[in-house]
Amino acid sequence: MAVAEELVQITPELLKEHGLTQEEYDKIKGFLKRDPTITELGIYSVMWSEHCSYKNSRPLLKLFPTSGDRLLVKAGEENAGVIDIGEGWAISFKVESHNHPSAIEPFQGAATGVGGILRDIFTMGARPLALMDSLRFGDMNKKQVKGLLTGVVSGIAHYGNCIGIPTVGGELFFDESYDANPLVNVFCLGIVPHERVMRGAAGGVGNPVFYVGATTGRDGIHGATFASEDLTEESEKKRPNVQIGDPFLEKLLMEACLELYETDALIGIQDMGAAGLTCSTCETAARGGAGIEIDVDLVPRRETGMTPYEVMLSESQERMLFICKQGREEEVIAIFKKWDLEVAQIGFVTDDKMVRVKDKGEIVAEVPALSLTDDAPLYHREDKEPENLKELQSFDFNTLKEPVDVAASFKQVLSSLNIASKRWVYQQYDHMVRTNTVLLPGSDASVVYLKEPKKYVAMSMDGNSRYSLLNPERGGKISVAESGRNVVCSGATPLAVTDNLNFGNPYRPEVFWQMKQAVIGMAEACRVFDTPVVGGNVSLYNENPSGPVDPTPVIGMVGLIENKDFITSSWFQNEGDVVIALGENKEELGGSEYIKEVFNKKVGNAPEIDLAFEKQIQDFTLDVIHNNWVESAHDCADGGLAITLAESCFHPKTKWGVSIELPAAQTRTDALLFGESQSRIVLSASPEKAEKILALAKEKGVPAQKIGTVTQENFEIKVDSKEVITEKTENLFQLWNKSLEEKIK
Amino acid sequence: MSAKPKFAVLVFPGSNCDHDCEYALSEVFDIPVKMVWHKETSLGDVDGVLIPGGFSYGDYLRTGAVARFSPIMEAVQEAAVKGKMVWGICNGFQILLESGLLPGAMLRNDSLKFVCKHVNLRTENNQTPFTSELKKGEVLNIPVAHGEGNYFLEEDKLKELNSNNQVVFRYCDDNGETRAASNPNGSVENIAGICNKEGNVLGMMPHPERACDVLLGSADGRKMFESILKTSLEKVCN
Amino acid sequence: MKTYQSKIEITLKKSVLDPQGTQLQHALSNMGYESVADVRVGKFLEVTLSAANEAEAQTKLNEMCDKLLANPVIEEYKVELIESGAAANVS
Amino acid sequence: MKTYQSKIEITLKKSVLDPQGTQLQHALSNMGYESVADVRVGKFLEVTLSAANEAEAQTKLNEMCDKLLANPVIEEYKVELIESGAAANVS
């Protein structure tokens, strides 16, 4: 073939700059049967980056269960999975990370993360309905960490609020391992009628390929490769131009696309996220088993003098690629014109399975589409258990003396940033726009009404990096179990999950081991709970100068509520209701918030988790909720039983009291109050219904205990008839409510 | 004969509460609604127009600044003069200020942050078509969601506004006291909503359309929609 | 037609409170810059336009400010014109 | 110590996209100002501070910009000093 572009000398330095190994380069030459042009080198470098190819993580992702009766589109087939929810309707959801961009420019980094995940969802044909964010930051005593937090939160608020999709929930966690490398994972859920599910595949020889949205600039060139490297001072220098999000433009793009889906003119559509035009052309061609030819000269630009290389690698935001039926062009263009959007035909579909890029008619790149996607390199990295792990796990808690003043420790844990109210964050998000948010942020899961099939979805994001550090397999299992428990507590039947794997550099065998163990745990839990993985994201190279971030698998769980009477919050509802604890207390202090907050240690083993038992507890909880026996349900997690009870008292409108009597402890008192044993749920119910719950529990062999009653204003816990905590709920509430805000000031 | 008013809901590029307003009017209160694209020049045969919240034109530069130049705004001006109901909620309020249909301007919230939460409003004026079903002093619990709701008006004009009874809602606490702590954005004299002298143009920052169902946390917004229905009924009977 | 570049300073009127400025002043003071007595935050626009001559450019810019770019209820503006050397005399 | 007034122009770097400016240019063009070729939106700060002399004032202002007022990842700034006549020589 005649490759017009000047052949650039390919040196080892150039390969290194592109993040390619010599071995990979040889592989490229093998596919091309010649030396690549510089544009081709760029294309391979982004497509074979970890971010796009998952070359180090793909073997692990295969462990996830990905099939289920409800799945209309499976993980990996498209931008996001699609799940049937009955009555001809489906939902699509996915999580995406923007960790590195947020470390560099927190506001824009987080904002463009939201923009990206929204596009992933409306590309599937779905109207985005809700966002969630899972955030992790370092030590808040450090000034730069506060700056990162405020920047990220206002960036998410800026984008989500402006485009008018409510951010209905999420999570926020602090640990010094995230000091210079915050984790910013965003989740989006959308709804789509079955017949309108869109595909990101090219097809039909001669069909036109269109570009629509923002103009292309030099921003973000090499973003994908950048995201696939450690953050160092060196990488600071070569960081791409920061991408600026334009939520207004995306709103227009979204509305226009949704209008376009109403016609049957569309063949395939794909957003331009990481690796921009390169990724969208290659993936649509590969998925459709077709080829694509484009001319970069036709791409709308906002900077002059851009080379084909730059146009192909730009990561300018708010752009889409789509293929429509030949002859329907005018109709399609008219829709975008109505929304004042720039649209240009830049090429057409071919049948030779090649991605061909021209510049004013001359070929500058010509590569087999599959060599960029399915045939990308795949590595089985070495894995090794960290040397100090056994020692950490076998930490002897007898060396930590129980505090004399338990009530003081309680208040300390209650106001710790990981436990305290996240109101400062979610009040900055419009969480009510679209008038569907039934369970506002603050409860276990958020519940959103689907006006069309008149059903409700519950969603929650969870991950516990401390458990995952101490025992990644358990950490992985617990992330699934806990998000499931949250969804169940709101009255929903879990449907499916999306996951985000946030880990350090996979070339470190210890990091790879952590990831592998976590995935093994998550996969097993997903099987037991029958919640397939419908998509996700992998973010590696999350490193600080001092080492990798704690392993952080994050789960986004979605459940379905068929009937409005099932919707349950975590807050007590009536004075005199009986408080019931489901599950078992064990002496488990490892990895707990209490040990971290009071003793400043991350030690011990993660709590045990028996998945079958967990499933039994969750099923039981759903049964009693569906019997309409339950007033409130709250999952007992971070901070242990005492914190769970306090949170149940903090109803947004009424501050309840509670009077709790626990039997003489089989364990240390602090373990009883603050230990984080899994598979526990705190319910409240009227006295009559409480009897029914206890009877059913006995019948089914579910451990359940009446532990107290809801009262008016005092928070009281007695152990073995001795008062250990007695406080005014209002005072506790103030501590918990203001802690984060005061820290940020 | 039907006494139901007909309403137009404007749609600007960047409007995002347009569907919510449509839903409240038509699904909850069965009021016929016509969605009107900003490039149109006529509202058609309607009794009122609702300018919904959102980020018209991205709210770039100043909220509402660009939207007020949209072709449809001339028709809104005309409707206002004719005495039809003109109701701006959130961004709609900001647009009404920019277009001069209501006095004053919006500044950024004094917290410099977007704020989304339920607030309390005290009804100051129940003589408007939008508030006739409310009692004077009645407290409503309705959400706000905005970054620029810090209402500003110079002192002498503020006096005029007060003496003309143009303040319709003020932020207050549970007991109806207008305290600084119950002001979510720093607006002057806790002002949450105002009307023109004639009372047919209302601008307010809180979102009554988000408070029409207890399931969503509050149904206190319903009375405003009920007021509109009542107003039209009276018009027909007279 | 010539191409003109202009700088527009848009500031809040003195009578209008500036929470953003106040917050910045606090922040600076916390950082050790106690000598900062006041901060006011406004907008800075750079507008490139073509016009027959300077007077026309100035008139147009003032108009745009009056109509759209500034809000007379709360803001004041100042337009400064710079004839852009290189691009002058484009038809 | 003297009191100095300064004006600080903070602008987005040329290579950084300015969605706000782009939208304003569209809006102006829709309003009939088609001759506007480009709009960039930045910030304008007026900072009043006391310092021993001009050089010190300038140094401090640059520092404040580097540390807080401007975001070096995406913005550039320019500081202009005006010794305020009336208030000069306040101790």
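Order as written gives the chain letters A, B, C and D; numbering starts at 1 within each chain.
The rule is short, and it goes like this: a contact is a pair of C-beta atoms (placed from the backbone, for glycine too) under 8 Å apart; a residue touches a chain by one contact, two chains touch by 3 or more.
Computed from a predicted structure; not experimentally measured.
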Smallest number of contact steps required from subunit A to reach subunit C: 2
Using mean C-alpha positions as chain centres, tell me how far subunit A is from subunit D in Å, no decimals. 38
Report the inter-centroid distance (CA atoms only) between subunit B and subunit C in whole Å. 31
Hey, how far is the Cα centre of subunit A from the one of subunit B, in Å? 36
Whole-Å gap separating subunit C and subunit D, where each centre is the average of the chain's CA atoms: 9
Among all residues of subunit B, those touching at least two other chains are 57-58, 60-61, 66, 69
Please set out, as single numbers or ranges, the residues of subunit C touching at least two other chains. 43, 67-69
What positions in subunit A touch 2 or more of the other chains? 246, 248-249, 340
Chain pairs that touch, all of them, please. A-B, A-D, B-C, B-D, C-D
Subunit C to subunit B touching residues, read off their complex: 15-17, 19-20, 23, 43, 67-69, 71, 73-74
Residue numbers on subunit C that touch subunit D, as the complex places them: 1, 3, 7, 9-11, 21, 24, 27-28, 31, 33, 35-51, 60, 64, 67-69
In the complex, subunit A touches subunit D at residues 104-105, 108, 214, 217-219, 241-246, 248-249, 302-303, 316, 340
Under the stated contact criterion, what part of subunit B meets subunit A in this complex? 13-14, 16-17, 19-20, 23-24, 53-55, 57-60, 113-117, 143, 145, 147, 207, 209-210, 212-213, 215-217
Residue numbers of subunit B touching subunit C in their complex, please. 61-62, 65-66, 69, 97-98, 103-105, 107-112, 150, 152-154, 186
